[in-house]
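Below: a set of structures, written as structure tokens.
Look at the two complexes coming up: chain A is in both, with chain B in one and chain C in the other.
Moving on, here comes the complex of A and B:
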């Protein structure tokens, strides 16, 4: 393990990038998932069809392909747009961090769409009737009854979606994001110890996913304090 | 959109479908065997069997599959004893490494799915088995296994699709599966939209076929539950 000595700070900054990607993709993933679920539950046939296509496309395609397509595709499209205004531009670089963040948020968002849809459908009819009987408006029912009841149902699969986000971050290294996996590749170049370097990466990811799992367990416990059978 | 490029490249991409299928089917079969072994270890009730199984599951579900593939392909040859071992002919080849990584990974996930199935078996059925004088082993083989398999099947089909999608990562260790070929074509032509979207459609068709197949199996297995 002495070979890792000079590389700990690089691994640390790489881990910070993993966290950054996780944070932004988590926000985007929730937004995509909620929009998708709202579209699927709406009465609008066009919205339903679009949301259906979204989930089929992003759940049926390998993650790496979505990342590559978004990265190279957006680079080509942006270059073409910029060339209209300044014809001597050769190539526009798209930051891999943003292309990758959006790509994994779109992928996991398609799974979250189904989770949120199922959770909203799982809210008990009786709770909503009770809210109506208390004279709550639709908005109040949504905020005070539907949301608190649905997030408890959505939490266990949502925890898995968060784990997918963390683990998919490693795939963004393929398009050149300098996260831990990328650091390992550089470190191997100088130390010639691939096993050691990749084991460190594995350890970092294992730590991240353990933290996510533990927080989800904590949140489940918090959510269950008022649930059925709780006192 | 360059249509001639698409008509020229799709046959080239499809020439890699054999490797995609080999990776998928080999890892699925080996992974299922591994999952059953891990499951039996977990259910054995003996800590020296159950702990290693749980550690395996924890590690392989908690790290990215890409890291696992790289540790096996690039990492293991760092050691002299790996290069001298009988496994070297397998671990020397990218194909062998991809199968090993996918098997270890999918085995961990499938074990948890199967465990969910076993835990979902109704207690009354097992009590009925005891009342009929079946031994613990007989109950496991004739009652738990068929019912658990039926309960686990929908989740298993999802994992099978994940496995199919994960085979595309073999392209990162120089294997020429469909994704590997597509990436080479994009590097030469720089036409990501045409090539990658065609490839995405091929994968979506595969996903659809797998879903339909499992739907058939599910229907067949439950024909006496909902006749």
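Moving on, here comes the complex of A and C:
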């Protein structure tokens, strides 16, 4: 393992980038998923169709392709726009961190759309009627009844989505994000020790995913305090 | 102070092409106890669900305490504050403890402060004899207990009227009485009640009037003795013979 010695700090900063991408893509993923679920459940046919196309496209294409297309697509567009003002410009891109974060949030968000949709449909109609009969407004019913009952149903699959996010950060190295996978490739170039370098990456991801799994287990336990357990 | 709490005039209700309510006219006075019965699909539940606007009537007028029920959200909310409802399947909020089930709407709708709402909740839990279960979750209670909690939850809102939509038909036989006892107590205290039920013993002892519905119409309306001993309509006779013989 002494081959890794000079690389720990690079791995550390790579890990920080993994965390950063995870954090922001998690927020975006929840937003995309909720919007997608709301659109699919709405009465608006256009919104339904758009959300349908979204889930078909992003669930039906390889993740690495989405990242590449989003990165180069945005770069080409951005370059074209900048060239209008300064024709000498050769290439402008969205920083890989952000292009990658948005790409994996969109991908996992398309799965979360289905999860949230199913969970909203799983909320018992009776609870909602009871809330209305008690005089609660639609917004109050949504916040105090629909959301808390929905999230318990959504939690187990949602834990899987969080694991996908963590693991997908590795894919972003392909557009030049210097996260742990990218660090490993560089280290292999100088040390010629691929197995050791990749094992370190594996260890880092395993540590992250274990934390995610444990926190989801904690949340599920909290959600099951009502005694209903998994349904 | 008007004495008529509910007034339905020529009310029709359609589900698509199906007419669930046909020209319903009904008046309920303060303190009256009404039992509605009839075969399944006759429109009993639809009728009471129109009173608190869980279903929207298509024609006619509905007045609650002199106020007409229109599309205005304000009117609907005002009516729902006066009208409590107890459902067949209890419909407690599964993610909240019993006492929180009773406090939620008090706080959100009536804007009552937490300690006050808690006091009211405990008071009504005492009344339905279930205060010791306050910190449990609904699923930990039996069906009969859950239904008593649901009645307490409705009472916490201090409604003028309580609607019961087949409150005992999802219960195991041995739990029916504990719920009927609570309802009988309420009736004795002068609560205005409209109750869809097949519990004919309860109807006979508690109701001021019994309404028989069939195919979306009010077919017969009578005081209990007359209704059971001397029904006028053929359909009523047939219905009674079916449910009283078994």
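Note that in this section the second predicted complex is superposed on the first by the 227 of 231 C-alpha atoms of A that agree within 3 Å, B and C clash if a C-alpha of one lies under 4 Å from a C-alpha of the other, contacts with A are read in each partner's own complex, and residues count from 1 in each chain.
As a working rule, contacts are C-beta pairs under 8 Å (C-beta built on N, C-alpha and C of every residue); 3 or more make two chains touch, one makes a residue touch a chain.
Predicted, not measured: the structure shown is a model, and the values here were computed from it.
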Superposed partners chain B and chain C on chain A - clash or fit: fit
Which of chain B and chain C A:226 touches, first, second, both or neither: second
Chain B, chain C and vertex chain A (Cα centres) - angle in steps of 10°: 100
Partner chain(s) touched by A:152 [first = chain B, second = chain C, both, neither]: second
Partner chain in contact with A:130 - chain B first, chain C second, else both or neither: second
Contacts of A:72 with chain B and chain C, given as first, second, both or neither: first
Touched partner set for A:144, first chain B, second chain C, both or neither: second
Touched partner set for A:190, first chain B, second chain C, both or neither: neither
Of chain B and chain C, the chain that contacts the larger number of chain A residues: B
Minimum Cα separation, chain C to chain B, after superposition on A (Å): 24
Common ground on chain A, meaning residues reached by chain C in one complex and by chain B in the other: none
Residue numbers on chain A that touch chain B, as the complex places them: 56-57, 59-66, 68-69, 72-73, 76, 163, 167-171, 173-174, 181, 184, 188, 192-199, 201-202, 205-206, 209-210, 213
Chain A contact footprint on chain C (complex, rising order): 52, 54, 73, 77, 80-81, 83-85, 87, 89-95, 104-105, 108-109, 137-140, 150, 153-154, 157
Footprint of chain A on chain B - complex, ascending: 58-59, 61-68, 70-71, 74-79, 161, 165-169, 171-172, 179, 182-183, 186, 190, 192-193, 196-197, 199-200, 203-204, 207-208
For the chain A and chain C complex, residues of the former touching the latter: 124, 126-127, 129-137, 140, 144-145, 148-149, 152, 225-228
